[in-house]
Amino acid sequence: MNPAVGLNLQGPIAGGGTGRAMDLFITIVIDGLEFSSYLFIVSVGLTLIFGVMKILNVAHGNFYAWGAYSAAYLIGVWSESGFSDISTFAMIPVATIGVGVVLGVILERTLLRHMYHRDEVVIVLATFATFLILEDILLLTFGVDPYFAYQPMVALDAVEIGGIIRDVYKLTMIGLAIGIGVVLWFVLTQTKWGRLLTAVIYDREMATTMGVDVSMVYLVTFVIGAMLGALGGAYIAPTVSVAPGFGIDVIVLSFAVVVIGGMGSIPGAVIGALAVGMARATAVHQFPEVELFVVFVVMAVVLVFRPEGLFAPAKARKI
Amino acid sequence: MAILEAKGLGKSFGAVVAAKDINVTVAPHEIIGIIGANGAGKTTFVNMVTGYLKPSEGRILFEGDDITDLEPRTITRLGICRSFQVAQVFMTMTVFQNLLVAIGIAEGTGAASFARLVRNDTEEKVWEVLQRFQIDNYAHAVASTLPQGVRKLLDIAMAMVASPRILLLDEPTSGISVEEKFDLMDIVMDVLKREQVTVLFVEHDMEIVARYVSRVLAFYQGEIICDAPPDEALVDPKVKEFVIGEEYHRRDAGAADEVVAGEASHA
Amino acid sequence: MDRTRDLTMPGLIVGLGFCAIAGITFLPDWLVNILTISFARALAVVGLMVLWRTGLVSFGHALYYGLGAYTVAILAKEFGITEFFISVPIAILVSATLGFLLGFIIRRYREIFFAMLSLAFSMVLYGVLVKTEVLGSTDGFNVPSPSFLGMRSEDEVVNDKILYVVLCFVGMGVALAVHRYLKSTLGSLTTAIRDNEIRVEYLGFSVAWAIHVKYVMSAALAGLGGAMLSLTLGQVDPDSMVNWPVSGELVFVTILSGPGSVAAPFIGSVIFELIRTYAFEWLPHAWQLIVGGTLLLIIFFLPDGVWSLVRKLAPRKEA
């Protein structure tokens, strides 16, 4: 299930005139922002994990899918127990934290811990294997029928912007993304823990010699990254039907975002998400034929001209 | 005609000047020692001559031809080879296989690279090289298991496979114990002299320098401060101040004295 | 140096020859079908193995695999060409040409960036195919069974058998050619480049050119494999030929087989196909789990793949 469909990126708008053109522009921008926000939330965890641990975690798609399924399930249960629509919002952080902590800890402690010394590409393969495993466990846990948990979205009304009726819920995602970005920026630059993390990102060995408990840093980072991925899934769940195959498309989109922005860079994830989101929104409205692959063309172009991405942390020379 | 000339060579990395106004003329068959403290510009010089770094200014001429802008692999094929401070070999392959690859590359370019790696007398050639460098009993050892000295000899042997006319050795004895340094250099120099190769080698051990070279180039902060035969260079006041250090004893042949070869107190 | 008599050549001839004969005589149809699919995939994996030995892993070889498949399919659908000995060589040529062009770009990349760029390229094709109505978008379309030198039987089973036998011989030819290639100077530059690129350059060889050649080879082989697969399955569609999990599957089989010999991909591919078919039959909601689990086991306990087991069973004597 392609969440872009769930986001209901509005199809091409017919008609002419400046009023319409303005409407179209606003629509594309807001569509782009919505999609970028969603991508940012999903991808920032991936880039954070890569930056600190040098692991490109394919299983990040699992955090997303599990977050979505858990949220959808919990919202359904909560709602059936007679609680109000607006209160179902509480299920989203519950799902996020639950999935992030449980899956994050399990994965890091059982699998990743044993792989840090191995080749980056082999680690990706291992996370790909993990992805397959967790996908099936997800199926076995939640079954094959789709979940609809629309309550949070229904609780918040809809407004008209640029000639289109928009769900306020989806607009709140933009706020959420900005909030996460600000919090991350603050933690990374202004707190002691954040600076510790930056040190590990730049030079793991040096950080160890300076007494940093890298093992604990890895675990905490991974769990935070997992929670962010889960949040992406949990927050989008009310807008779509959550069904098998939910995570597959998102993974490669996250890769594109992370690669474009520079692997390990959080400002990069912002730029990457915006690039991908805007490109996709523009394509959907103006050039629907290229909608699916325009993202990867951008990714390829960036890789060709800036192989490390737009904001990659500097690397030392080899000889 | 000079076999190698550096004219006004310089290299800057932003504000850092790694080399400045380097002028050197090398005659065929000379054996030149390059000395200087760490960071003085010796390896930068070697990297520029072999094409790994492009100079910020100046030219390099090989037998009269300008090679300044060429790639390392082109310069190698023209006849200038090098060995490395940290021996660069193929770690997962055996010594024998390492040399096979070296010979294969030397003999095969373009279409010829599709030819068999091992043909006719290739294996004999490998044994010959192994024996000349006296590492034949390590032939089937995997490179990552080799003692440092043997690995360095392998590195140099691979550089020699293409029968270069100039060989640059970057600290051939670094990482080798004091007792083994001379043995290693004896082997190397023997081969090089027989092949009539022009040699430039970077070295920190003044005993080695004094023993093998006909000429010394002393570097300091990116410039050449002395260019003279060893007995002059090693007592030159500038060299003493900036490279060797004030106190320095010669090792008598057969005596067991420790060699105190100092580095500059100036970094 | 390997002083034993090299048994690969006779082994391949006998092995694949036996498979061909057995297929015509006593093997049950379902097994022949499995072997056909396996050998088709093995062709692509041989190419990936060469790249892997060079230290490069492509996450996007489904690009050439799918391209080969679709070329054969389109030749049949739009141009009415169903002659095996025309459409398959064209498929190889198309894939090799694209590989040649993209090779100029991709040969400058290593490790994770090589993997990501190759993924991006393949997803562009995927996006194009999904959006192309004429080619059936996600449904794809059917591929008629081929004629061989103008001959085609009325009986589909006979046609399948002929395709199988032809595939066995193609496999034999490919394996022998690649085996010979690995013994050439360029072939030795797989492990050498992986071990020490700088040394190779300083010995006088262009690493970029060497990688380019290998990349084109692998593209051609993947195209050949894909062409064979489409003829076997009788249909093409983007999700089974071009999407990123297909690339993942190819990489999986490469790791499963191990880099030890050109014969390895054939064995590894059969094992994978058996695992996949039976896992899917017995545990339709857990087959990915089994596949993923197997990959993890290989990564941890058998990093040189199944071939290393074969090696252990038939120890080689050093002279």
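Letters A, B and C name the chains as they come in the text, with residue numbers starting at 1 for each one.
Here is the rule we go by: a residue touches a chain if its C-beta (ideal position, glycine included) is under 8 Å from a C-beta of that chain, and two chains touch if they have at least 3 such contacts.
What you see is a predicted model; the values in this text were computed from it and never measured.
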Exercise. In terms of CA centres, which chain lies closest to the overall middle?
Worked result: C
Exercise. What is the chain whose Cα centroid lies farthest from the Cα centroid of chain B?
Worked result: A
Seminar exercise, completed: Between chain A and chain C, the Cα-mean centres are separated in Å by 33
Seminar exercise, completed: Between chain B and chain C, the Cα-mean centres are separated in Å by 45
Exercise. So, what's the distance in Å between the C-alpha centres of chain B and chain A?
Worked result: 52
Problem set entry | Residues of chain B engaged with two or more neighbouring chains | none
For this session: Return the residues of chain A touching two or more other chains; collapse runs of consecutive numbers into ranges.
Result: 319
Problem set entry | For chain C, residues contacting two or more additional chains | 198
Seminar exercise, completed: Counting only contacts in the complex, chain A reaches chain C at residues 56, 111, 114, 119-122, 124-126, 128-133, 135-137, 139-140, 144, 248, 251-252, 255-256, 259, 263, 288-297, 299-300, 303-304, 307-308, 318-319
For this session: Would you pull the chain C residues touching chain A in the complex into a rising list?
Result: 57, 59, 105, 108-109, 111-113, 115-117, 119-121, 123-128, 130-131, 198, 244-245, 248, 251-252, 255, 285-289, 291-293, 295-296, 299-300
For this session: Sort out for me which residues of chain C touch chain B in the complex.
Result: 1, 181, 183-189, 191-192, 194-196, 198-206, 210, 318
Problem set entry | chain B to chain C touching residues, read off their complex | 50, 71-73, 76-77, 81-82, 88-94, 96-97, 100-102, 104-109, 112-118, 123, 140, 158-159, 161-162
